[in-house]
Each structure stands twice: as structure tokens, then as C-alpha cells.
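In C-alpha cells below, several structures.
Look for chain A in each of the two complexes below; its partner is chain B in the first and chain C in the second.
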Partner chain A sequence: MVSKSYGWVDAVLALIKKDLIDECRTRFAFTSIILFAMTTLVMVSFSTGAFVLDSGLHAAFLWIIIFFSSMTALARSFIKEEEQGTARILKISTTPEVVFIAKLMFNLVMLLGLLVVLYPLYLVLMNPPAANNNLLVMLFLILGSSCLAGTTTILAAIVSQAGAKHTLLPIIAFPVLLPVLLTAIRGTGLALVGNFLNVVLPDLIFLFSFLVIIVTASLLLFPFVWED
Partner chain B sequence: MNLCKYLLGIWMILVLLGAFLYAPTALGLGHLSRIIYFHVPLAWVGVLAYFIAMLNSISYLKRGSLLNDQIAVVNAEIGLIFTLLATVTGAVFARYTWGVFWNWDPRQTSIFVLLLIYGAYFILRSAVEDEEKRARMASVFSIIAFISVPFLVFIIPRVYATLHPDPIISFESGFQMDSKMFQVFLASLIGFTGIYGWIASLYYRYLVIRTRIEGDLNNG
Partner chain C sequence: MRLEIEDISKSYNKKRVFTNISWQLGKGAIHVVTGPNGSGKSTLLRLLSGLEKPTSGRILYLIGDIIAAPQDARQMIGLVSAEINLYAHLTPAENLNLFSRLRGFKRSQKKIETMLQQVQLQNEMERPVATFSSGMKQRLKLAYALLHQPYFLFLDEPTSNLDQEGKELVAGIIEDQAARGVVLLATNEAGEVQRFGQQILRLG
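Up next is the complex of A and B:
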């Protein structure tokens, strides 16, 4: 079989490349996530632009925008497979773990793409406090997004097998993600006022350990969701 | 079995009497502190029920017996009721101690999220048609969701400042509860766990009878 001559890394890279090419052709997921984020950002900026906001509020708005725009797009990675009928071929062509890692990486790339567009625009439109510790804020954004991607990958796989597909993911994902969101919002708020690493270290450790645990558990449980 | 039932009844009557007549009131809180004998065991059983449901989910994924899935659902249903009661008693306490029913205190948030996890579990179950698939999806979800529970219950309230009374029996600070209070508290904990066990056993008996009438869960 052809798959035996690939290492698993080659298989993962091939899958990610396939998803990216598919995405570049239709550009559906990426544009929907960017447009959703922009719409929300414009609404927030338009209504609160006159006020000077607390850093906690800035962090909250930022994460609301990220969370809800990502919900619209992260489910697509698996639902698209089901809708286009390619899910069965994917199931027999490679091991479940490879599929999981590839989809996780793809979701991560999408979220990072969103952050690259969103964060500078947010800085421009919303004027957060000038003393902010940019590197730390970006670290929180990346780590938090990784937790989001890590959790929603397996939940999207579960949702793709269920009936009311698109609306189900936020309902299922939110309770599991709440610790992540609370910590990320708090940490981002602290970083926005210019605090240094020592102040926000517990939050960073929290997010990192959550990421490791959830990705490990998802990797172990994914075969049960994926295989018939 | 019947003897256990009656013993449990007598135990709970003693617990009720003890909670209102025997145990002293806590400093500063007055008679409000008596809610501890009901609120904490309810919350404890809520988490315990979810834990047992998760164990059954793992069991189902390992062995494939639909009975494990049924037992998981039963425990989840009972756990939902207990968690709902814990939330309500907590809100009542909050109203009379701090003036508002709900203020998104970290501990209040974590019990609310536990409710959401239960809710999401049942919504997911209702969205999948096929029985085997439903059992598999729900099992995986309950295991994943359980991962966030230790973060919610233990870590977040310790990290964030919370108005919630400190867990007085936290092992770092030693037992600070009055001995009479502690006796009634422990008795209440055992009593509520007993009630949970009794409700669960009734449910299991119902499941067995239903299986006998409708056919084996695996073949029927």
C-alpha cells in the first residue's frame, strides 16, 4: 500500500497541504472568519470609540471576537468532509491520529491567520493603553488560540457526526473552553497594561498545561470518534 | 435493600435535626451557615455523579456494552438535578449574605459551567440518531469535558479572589471547623451520597426490568 512508504509526518503534511489548497480554491472558511471578526470589531469600535476603556474590557472584546469568529470556521474542517462526501476516503486512507494532527494544524493555521489580521487592526481601531506589553499579549493570543484549536478539533469531529451540525459546536465547546477563556481574558488584560512575565506566569502555565492535556486526551479519544 | 432504605431515612432525619438543632452557628454568618450541610453535599454529589458517568463512558469505549452507556446517562441525569439544587442553594446563600443572587463569582461560575456541561451532554445525545454512534459521541464528549472540571473546581477558585467561603476543610490549613459542625457536615455528606446511591439503584432496577421487557440492549 502506498501509505506504508510514507512516514506519519509526510502523511500529516500531505493532509495539511490538501486542506490548504482546498481552502485557497474556495477561500470560504478564511474569508468567513475574517469577515465575522471585522464586523464584530467595527461594531465594537463604532459604539465604544468615544470612551477610554479599561484593559479588562479590551481583553474581553478581543477574546469575544476571536472566540465567535473561530466557532464559525473551526467546525468546517470536518463538516466539509462530510458534506463533500470525502470523509469515507479519508477514513480508509490513513490512521486516525494522522487525520487528527493534520486537522489540528490546519485549524491552528487558520486561527493564527485570523490573529495576524485582527490584532493590528484592533490596536489601530480601539486604542488600547499605550503601555501594553505587546510580546506578552501576542503570547497569550497564540497560546489561547492553540487551546481553542486543540479543543474544537475533536469536538468538531463529534459535531460532524451529529444532526444539527453548525449550531452544535458553540454549545458543546463553550463549557469546555470556559476555563481557557477566563484565564486568557484575565492574562491578556494584565499584559495590556504592561505587566511583565512574572505577574502573568500562573495564567501562562494554566493555558499551557490545559493545551497539553487536551491535545493528549483528544489524540487518545479521536479514533473512537473517527472510526465507524 | 429495604433495610438500607429505612436506615438511610432515619440517618437523613438525624442529619436534618442535627443541622438545625445540634450544630452551632458559624461566626459572623449566624444561622445562614446551616446551609453548608445541604449546599456542599449537593455540589459534591453533582461532581461525583459526573465522575461515575465518565467512568462508565470509558467503560463503554473499552467494551462496547450499551449498558454502560445507559448507566452513564442515568448518572448524568441524577447529577444534573443535584447540581441544579446546589446552584439554587448557593444562590440563596449569596442573596442573604452578599445581597445578590448571582455575581459571577469564580465558584458560582464553575458550578454554572458544570450545569452547561451536563446540558451540552444531553443536547449532543439528542442530536445523534444512531444508537451506537450516539453512545460513542456522548462518551467521548463526557471524557473531554471532564478534563476541564478539575481546572474549574480546584484551580480557578484558588487562583482568583473569590467571595465564596474558603473550603474550611482544605488540608493545607488543617481542620478549622468546630467539631460538632464537622460531625453534622460529614454525616450530611454521607447521607446525600446515600440518597444518590439509592436513586441510582432504583434507576438501575428500572433499566433491568425495561431490558427484560424490550429485549437485550445489545440485540434489541
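Up next is the complex of A and C:
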């Protein structure tokens, strides 16, 4: 038998690479995220064009677009493996932890890709106030998206074992993500009007704590979801 | 090196698939499990591969002084089954490279080419698996199962969809592997049972 010479990091990278190649060839997840986000952004832009929105509303619109766009595609990470009959080959080829971390990273890459496209377009189309604290806004967007990716990855794994898998994720994810979304909306709103780190620090700490807890809990829970 | 199956039973929602199977599988012999459709051949292979757990009883892998449960012995198991699929959008070489890295080692491009040559897919290296016929996919699954040179090779209907040449290829692999480890073949083809059945378990 061949002895192991590479560790779990290489296995994680291999699985992320596989998902990226698969995504490049099928263009399903990223295309649907971007299409949903762009359509919603243009609709919001046209329908609110005559009004001056405050920063809280801007933050709410931004996060609503991110939440629903991500729900359309992130559920696919595990459902795809079940539908293609590749979940079993993954189960016998590597550990659950490798699968979870790789799927989490891939979902995070998808969401960061969405932010790279969405946020500049939002600034152009919606013209939010001041926007002189973009770095802090980006920090909220990245941290909030990481929380979204962490939560949807474990929930997608659970949902992939269920019957109505395509519609279930947004319903299950919403109550779990509500505190994240409310905190991210408040923090992003405050950052958009130019508040500094000392004002939004409690919100950043909350998001960071949520991320650590959800990823730790998911790593402990995932082997049971995946194996049984 | 041996595999011990101790008094295992399997039920799904109180529907019994099989009960109280005990069997010892050692190196050097080809073991065949046979029986009609629905008798539990594939279920038995899923249990042995650690994909499912038995309702009762236990399965032990013994390698030297090491005793391992199926979930912990996956690194030593190779499985060919209709229930596992390779990635359709990747090429055969990309698939083999991925699974070798997932198992914790890297195969050189040359080694992967040799493995594909062994299953006669050397001319199909650049095509995505989605464009393969079922026989070609079956050959690729064989290459996948042998990738890490497993001690235990489980083959569930390995010759289904294969032409005569493919069937001979599988026969050669079974005989080779039996000399190096434990081989278990699940089939309901009388010819295969007769040819390989040195130790036979009949289900159903």
C-alpha cells in the first residue's frame, strides 16, 4: 500500500481546485449568484432612483442582495455531490474534515467573488452617502460573508440529505443567520456614514465570534452529518 | 492480513436485508459473494467499505498487530461499485490526481498515465469523463480503486457494461490483487462464480 506523504492541507487544496475546475466548466454557481445579484441591484436602483436613502437602508439593500444571491448557489455545494453520486467516493477517499473545510473555502471564494463584482457596482448605481470609509465597509462585507459561508456550508450538508433540498436552505438558514444579518446591516450602515472603528467595534467582535463558533461547531458536527 | 466479519446483520427501517453473517477473508484467495438481486451483496460491500454501519455485529480489519474498524481502514480499501461515480466534468487524469491527493499522496503524471494504460484508457486522457461510455467509466473506476495499491479490494459487479476484452482485464486484476491482498467479488454471473469462487458466500 502507498504510504501517506502529503497532509490534509494538500487534500483540501485538491478538493477546492476540483470545485473551481468544475465551476469553470459548468459555470453554474457563480453565474447564478452574479445574475441574481445584478438583476436585484438594477431593480432596486431603478425603483429607488428618485429617493435619497439613508445609510441604514443602503446597508439593508446590500445585505438582502448578498443573502438571497448566495442562497441560490451555496446550497449546491453538497447537493451536487449527492445528485452526481460522488458523495460516496469522497467519503471513502478522505476525511470529513477535509471535505468540510474545502467546501467552506469554495463557498467563501464564491461570496468574495460576488463582493468584488457587487460592491463597486452598488457604489456606482446606488450612490450611497459619503462612502469615505470603504475599508471598514469592506471589512463588514468580508466578515459577514464569511459568517454566511460558514453557516450555509454546514446547513447545506444537512439539507443535502433531505427531500426538498433545493428550497430548504434559505428557510433553515434565515433564523440562524438573522443575528448575523442584523449586526452586519447595522455595522455596514454605521461604516457607510463614515463612523470609525471604535464605534463599530462591538459589531465586528460579534461577527468574528459568530464565525469562530459556527466553524468550530460545524467541524465537530460535520462528521456525524457526513457519515450517517 | 485478514478481514473478519463477526455475526453481522443489516436492516433498513426494520426491513431485514441479511442476518448473522460471519466470514473470515484472508490473503491469497479470491472470495465471491453471490445471490439474486436484492439479496444484500452491495449492502455487504457498503458495510465492509465503511460507507454504512451494520445493525449488529462487527467488522474487523487485521493488518499485522493493527485491528481497525472499516471507517478507520478506508486508506487500505479499494472499491469498485455502480454506486460510486467519478467526477464527470474532470478528465481521467484529473480524477486520479484528485483522489491520490485526497488519500494523502501524489502520483506523478507518468504514473497516472501508466495506470490509465493498465485499464486501456491511455488514449482518452484529455476527454471529460462525462463523454465516456459506461464501459470506459467502469475501467476508470478500476484505476481509481487500484490507485493507492489497497490491501483489500472490493468489486461489486465489476464486469457489468464491459466487453470481453474488459472482462479479461478485470480477471487479470483480480488474480494479481489476490496474490497481494484480500479480494472480494460480488456477482450473480454463474461464469464468474465458477471461475473465481475459491471461497463463496451465498446470500438470499
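In the analysis below, the second predicted complex is superposed on the first by the 223 of 228 C-alpha atoms of A that agree within 3 Å, B and C clash if a C-alpha of one lies under 4 Å from a C-alpha of the other, contacts with A are read in each partner's own complex, and residues count from 1 in each chain.
By our rule, contacts are C-beta pairs under 8 Å (C-beta built on N, C-alpha and C of every residue); 3 or more make two chains touch, one makes a residue touch a chain.
The shown structure was predicted, so the numbers you read here are calculated from the model rather than taken from an experiment.
After alignment on the shared chain A, the placement of chain B and chain C results in a side-by-side fit free of clashes.
In the superposed model, A:G7 lies in contact with chain C only, and not with chain B.
By the touch criterion defined above, A:V176 lies against chain B but remains apart from chain C after alignment on the C-alpha atoms of chain A. In the superposition on chain A, A:L115 makes contact with neither chain B nor chain C.
In the overlay built on the shared chain, the residue A:R25 is in contact with chain C alone; chain B does not reach it. In the superposition on chain A, contact of A:I65 is made with neither chain B nor chain C. In the superposition on chain A, A:S93 makes contact with chain C only, while chain B stays out of contact range. Legend: residue contacts after superposition of the two complexes on their common chain; A:L15 is shown touching chain C, with no touch to chain B. Between chain B and chain C, the smallest C-alpha to C-alpha distance in the superposed model amounts to 6 Å. Put simply, chain A touches chain C in their complex at residues 1-8, 10-11, 13-15, 17-18, 21-22, 25-26, 84-86, 88-94, 98, 227.
Looking at the complex, you find that chain A touches chain B at residues 151, 154-155, 158, 161-164, 168, 171-172, 174-179, 182-183, 186, 202, 206, 210, 213-214, 217-218, 221, 224-225.
Across the interface of their complex, chain A is touched by residues 61, 109, 113-114, 116-117, 119-120, 123-124, 127-129, 133, 136-137, 139-141, 143-145, 147-148, 151-152, 155-156, 159-160 of chain B.
Chain C contributes residues 49-51, 71, 74-77, 79, 83-90, 94, 97-99, 101-106, 128, 144, 148-151 to its touches with chain A in the complex.
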